[in-house]
Amino acid sequence: MQTISSLLPLFVVLIPFIGSIIIYFSKKSENVRETWTFLVAALNLVLLLKMAQWILAGNVYTFHIAEVLPGLPLFFKIDGFGMLFACVAGSLWIVTSLYSIGYMRPLKEHAQNRYFASFSLAISATMGVAFSGNILTMYLFYEILSLSTYPLVTHHQDAEARGGGRKYLTFLLSTSIGFALPAMIITYLNTGTLSFSNAGIFNQTTDPTLLIVLLLLFLFGFAKSGIMPFHVWLPGAMVAPTPVSALLHAVAVVKVGVFCVLRILTGVFGIELLSTTSLSTIVCVIASFTVIVSSLIALTQDNLKRRLAFSTVGQLSYIVLGAGIATTFGVVGSMTHIAMHAFGKITLFFCAGAIYVATGKKYISQMVGLGRQMPITMIAFLVGSMSIIGLPLTGGIISKWYMILGAMDAEKMWILVIYLISSLLNAAYFLPIVYNAFFCKDEDAQFPDKVKEAPLAALLPPVITAIGTGILFFYPELFLNFAKLAVGVN
Amino acid sequence: MIFGLDALSLVLILICAILALYIKDLMGSVIVFGAYSFLMCVVWTCNAAVDVAFTEAAVGAGVGTVFLVSTIYNTRRVDTYRKNRVLKQLFMFLVVCVVGSILLKTITDLPHWGDAQAPANTHVSAYFLENSIADTHVPNVVTSVLADYRGFDTMFETCVVFVAFIAIFALLRTRKIPAKDLTPPHTPVDSLIIKVASHLMIPFMQLFALYVVAHGHYSPGGGFQGGVILGASLILLAISYDFERALEYLNEKKIILFVALGVLIYAGIGVICFFLGGNFLDYSVLSKILPATDTIMARSHAMLGVEVGVALTVMVSMYGIYLCLSSNGRMDKGI
Amino acid sequence: MEFIINYFNYIIVVIIMMIGLWGMLALSNLVKKLISMAIFQTGIILFYISMGAKIDSSIPIIKQAYDEHHHPIHQVINNADYANPLTQILMLTAIVVGVATLGLGLALTQKVYSEHKSLNEDEILESLS
Amino acid sequence: MIEQAPILIVVTPLLAALFITIIGLYRPLYSWVLTIITFVITSIFSFITLKKVIETGTIRYMLGNWPAPFGIEYVIDHLNALIVFMIAVVGLIVAIYSKHDVKKELGDKIPHFYSLFTLLVTGLLGITLTGDAFNLYVLLEISALTSYALLALSKGRAYIATFNYLIMGTIGACFYLLGVGYLLINTGSLNMTDIFVILSNNPTSYAVLVAFLFIMIGMWIKMALFPLHSWLPNAYTYAPTSTSCLLAPLMTKVSVYVMLRMMTSVFNYNYIFNVLGWQTIIVSLAVIAILAGSIFALRQDNLKKMLTYLIVAEIGYMVGGAWLGNANGFTGASYHIIADGFMTLCLFLAVGCIIYKIGDAQISSMKGIFTKMPITMIGFLVGAFSMIGVPPTCGFFSKWYLISGAYEAQAWPFMVALLISSLVNAILFFRIIEVGYFQAMPNEDPEAHPKQQKYNEAPISMLIPLLTTAAILIGIGLYTSEIVTYLIEPFMDNFL
């Protein structure tokens, strides 16, 4: 193992940032703008892959940005976990860019320059979070992400968007300032450092009550992770255009939330501290509650995107739960689940968007019989659902497998029950959609007229990600290795 | 020092202060306030502060009263609006009582009045008294401290006067012809007696003022006092004749020019000092350019220089402020 | 009696200042406020001057400073013989500052009057609301 | 010349003010150029001084070459060198910015405006540098008088607002003078260092306590600490734009600095915290100030007035931080002087641009302003983020230190107030961002002019200062570590 100081991480963060400026000021021509988007995304992915090679070889990248507070620098430190997340975000960005084109062009959306620029900026911030070496750096990029996605959420600039955007920022900013910031400062004052370390930065003498308070502050402070009761912004943010919901609310934004929580749990508290104290149980209880409740709410939603949103809330807490178990396997599982869920959920969102582009329908009750008109989309939808539920032949089962192993290691059998119930609920809210789409009676079908599949640019991405989901079942090492590296098992 | 007179005047002062605030007619309360200021001069003389008394007589009682009268002339004498403010006044009375009782409680902690051994009278001020002659050859210690030891303060003090003039000028000066209702109902008195009398007085006033400026090293007086008297002579000219006549001597442009010039003389002497290698306002280095002076006499001479600057600024700005205030910024006619 | 002689000036200082302060805060006429302000300032000046007074002392001008050839005589000067010059200088400055503030306040008063046709704070606030 | 740099910081703008007045008689339009040149020179000198202080430590400059307690001396330590540099830079930025605005709002009073402007800055620079308690009073009055004049150079309600300020400001200055009088009667000295030494050697009497109390109250009035703030919002709201841009960042902050100075280099810091024990009361006052400022700000629908109430809240930050009585709190307070100076400047500059183009600062008239004035709004956003405390802007770091200090001092109400104020700031600014970002809703305002939303940006001489300030905000944030290690910590070594 070797620590390399390198400019690469900086480039990975800066390229989308510069890209966003270029995109914003490029002329109103669609082609120019999209060329730039792809160029930037591709360049970024190449750099990421290059870094990934090195990381897999067991190295750690660092880059020192600036020492903003005495003894408390902003710096990047990229380990397996960070790399895993960066790769997920980077690879899905390209797909989403393609999808954005397919979505935005037919709908003739306004202000596309701003849209793509903000998108790029959000990716830059996501990369920054993934690469952060301490809480301060992470917090910095976390805030930038909240702010840069605001124009995306409120893209339609109508009254509904305003309401959603208001909720979005209120929850994200108030929790990060009100909870995460003081927690960070108190941590720093007590430990003298904010850098992540697998062993945790608290020593054994820290007052347990303080630890519990800090844990709660951190858990709720990074409200992007959607832990109840601070999940309200997520369904509200569904007013955004679908590609935004797809990337940001299946991949970037919410995953940044859980990424932060996981980082805090593993890098600040440390698995050992969690498992030897009551902290682990606290995390598990809070996460389990969210998992069950959000799944139940999802069942009652008719708007497809809202159902997906609540499903996301549940799955995010899944990930937190995995880490909360505080065993090696549990953590590996939850890290991997970031990737697995990302691929699965983005497929679902793409499908929802494709349906909207092709038919203009938003509600599940209006989608009966759709499978006959849009078979490809609905098959992709099925694959995505399977991954979320955790059925074989999709990547989702792998991560769930690890998490269950972790729960058994920790001898917390009640968690197994939670997993079981939640999987059943997942199945209950996804499979009927697919079933009705294909196997409804003719007279129930909502689409007497011919409806075509969405344009190629909107159709291709769900197919790609659905295939990706399948591949992850057979080659889970792609992401599993990163996770294993991060927790130090081979 | 003269406790009886001091105490008597102070009691009168209290009466004047209360009266000045009580009288409804503003002109009346201004006049009472003028009396208050004069009584203050007496108190200060009793406390051996002749320079202060001199300044207070010229500035507070003299020019200050004129300013107040000018304003009343341009606004109104009696405030007709009545509103019950008793609650607010009572509340403020309570606030004031609290502040006052805090202060009264400290009184016994203070050194006795007239105690020569009090810290305020021994530490720094003793140095000034004991070394003024040796350091600067100026027997009036007030002047030497004012213009040399603490010359930097005095420069900014001059600056305050400059600021006040520029501020009032910028605020009030208008070139628009005012609406009719703004013109005060009073007509200026055109009296031969006043003209002749002031004609006789003005030259002597100015001569005396120049003496006060020049002789400040040896007797009470200096730039401020002399400047104010000079200004008062010009104000008298403007009152007894009219603005046109007064502006013939010193027109608007010249007023601004001279106000700035006075401060410039002061600051300029300071700047010359550091071009000659000393610190700012270190007059002793001026001996390099002043003929036949040692470093100590250089201080003495430079003090005269800065006093002239002070006098110039004070004179012109007092005059300018009067012109602005009494004509409500029109600079055509006033009281 | 001893107490009164020792502290009389300071008691008057407090009373004068409080009259001035009360006038500034409680009176509604703008000119009266300015007069109160001047009274408040003289209170402070009196405080400084009182602390610089010395019983049986002269004004702070050194006596017989020069001989007949106008050369300074070097003599030992007794601090207690002369009043405190320092407080006097400070108060010269304060007086000048006071009159400058007064002038500016009066200019503002005139502006307020030409804007609102009134010198009464209450009346002006009433007309604004 | 280098040894004279400390005094040149003050003398340059003083002389310039005189020359501007004189030259303005003949060539009124030259005064703008002269002002800029002046502030460039002043900034250079203050930078030289800052550098020298970092290299050699505290500089003492004796005016008239009289040794310390007898003459007046300038004491330039690490903290005030920094603040002086800030003042000079703010002066320069506002001077550049003011060109169009002054022409529009003041007409033929341009030379007087610039002359008063430079003198105001002179006063503030002097206050910060001087080591003499009475000299500070004189300079305080210079800056006060100039600011009254500058504020009243507007029309309408400005006069009565300024009159109130004059009354309150005079009370503040007089209280300060009274406090200095009590110091003088107890110590016989006016030199701050000398007073410090004398007070340290003597058992402190009730009179010293009163001196401290009155100096503090005087400064609190000057800095508009709640509930002594009533003069500030109206005075700043109705003032000419350039004036409020200059005064809002500087006046109150300099008063805060004077408070810090009094607490550290005149009175004994240990005396204040161990003997007096007022910190609980004053931190509570600060908490009330923060909350009250935030609540009042929420009730405003005029952007400029809202900002003035934010100043009141920010004052609570600094007073609270200074009175926490620990290193982190003090660092936060002194760092926040710089940070808040530039934050306020940035926001006021942006509002000035908006007023210049739109004509008023009502929030309701800002619909669609992002389309209309995008560059201005970028500046505004950076300022707003800094106020909210988003990293890497400097507002975040001052909050960092203040919260750290509050935690160490176990001052939970203060910590909560800081967080609440950040949240309120977020609400306040996003309310504006929302109005500006969303065009007029069809159902809300059917008569919204399509013309209103055309691109119509303020002149370049206003935008460059704005963007520079925005960049400075981020720059200060990134260089927090340097500022704290090289400037604030050496200063704190003197007394902690």
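Worth a mention:
By letter and in written order, the chains are A, B, C and D; residue numbering begins at 1 in each of them.
Everything that follows uses one rule, which is that a contact is a pair of C-beta atoms (placed from the backbone, for glycine too) under 8 Å apart; a residue touches a chain by one contact, two chains touch by 3 or more.
Since the structure is predicted, the reported quantities are computational estimates derived from the model, not experimental observations.
When every chain is reduced to the mean of its C-alpha atoms, the one closest to the centre of the whole protein set is D. Centre to centre, using the average C-alpha position, chain C and chain D are separated by 30 Å. As a whole-number value, the distance joining the C-alpha centres of chain A and chain D reads 43 Å. One finds 71 Å separating the Cα centroids of chain A and chain C.
One simple way to say how far apart two chains are is to compare their mean CA positions; for chain B and chain D this gives 31 Å. Chain contacts: chain B has residues 103, 110-111, 118, 120-122, 124-125, 128, 150, 153, 157, 160, 163-164, 167-168, 171 touching two or more partner chains. Looking at chain C, one finds that residues 17, 21, 51, 86-87, 93, 97, 100-101, 104, 108-109, 111 touch two or more other chains. Residue positions of chain A with contacts to 2 or more other chains are absent. This structure has the following touching chain pairs: A-D, B-C, B-D, C-D. Across the interface of their complex, chain A is touched by residues 385, 388-392, 397, 399-400, 403-404, 407-408, 415, 419, 422-423, 426-427, 430, 434, 437-439, 441, 443, 477-481, 484-485, 489 of chain D.
On the chain C side of its complex with chain D, the touching residues are 17, 21, 24, 30, 33, 37, 40-41, 44, 47-48, 51, 86-87, 90, 93-94, 97, 100-101, 104-105, 108-109, 111-112, 115-116, 121, 124-125, 128.
Residue ranges of chain B in contact with chain C, taken from their complex: 1, 3, 6-7, 10, 13-14, 17-18, 20-21, 26, 29-30, 33, 36-37, 40, 43-44, 47-52, 55-56, 59-60, 63-64, 67-68, 70-72, 74-76, 79, 81, 83, 85, 88-89, 92-93, 95-97, 99-100, 103-104, 107-108, 110-118, 120-122, 124-126, 128-130, 132-134, 137, 139-142, 145-146, 150, 153-154, 157, 160-161, 163-164, 167-168, 171-172, 182, 218-220, 224, 314, 321, 324-325, 328-329. Considering their complex, residues 5-12, 14-23, 25-29, 31-32, 34-36, 38-39, 42, 45-46, 49-63, 65-66, 72-75, 77, 79-80, 82-89, 91-93, 95-104, 106-111, 113-114, 118-120, 122-123 of chain C touch chain B.
Here chain B touches chain D in the complex through residues 102-103, 105-106, 109-111, 118-125, 127-128, 148-153, 156-157, 159-160, 162-164, 166-171, 173, 175, 253, 256-257, 259-261, 263-264, 267, 270-271, 274, 278-284, going by the rule given at the top.
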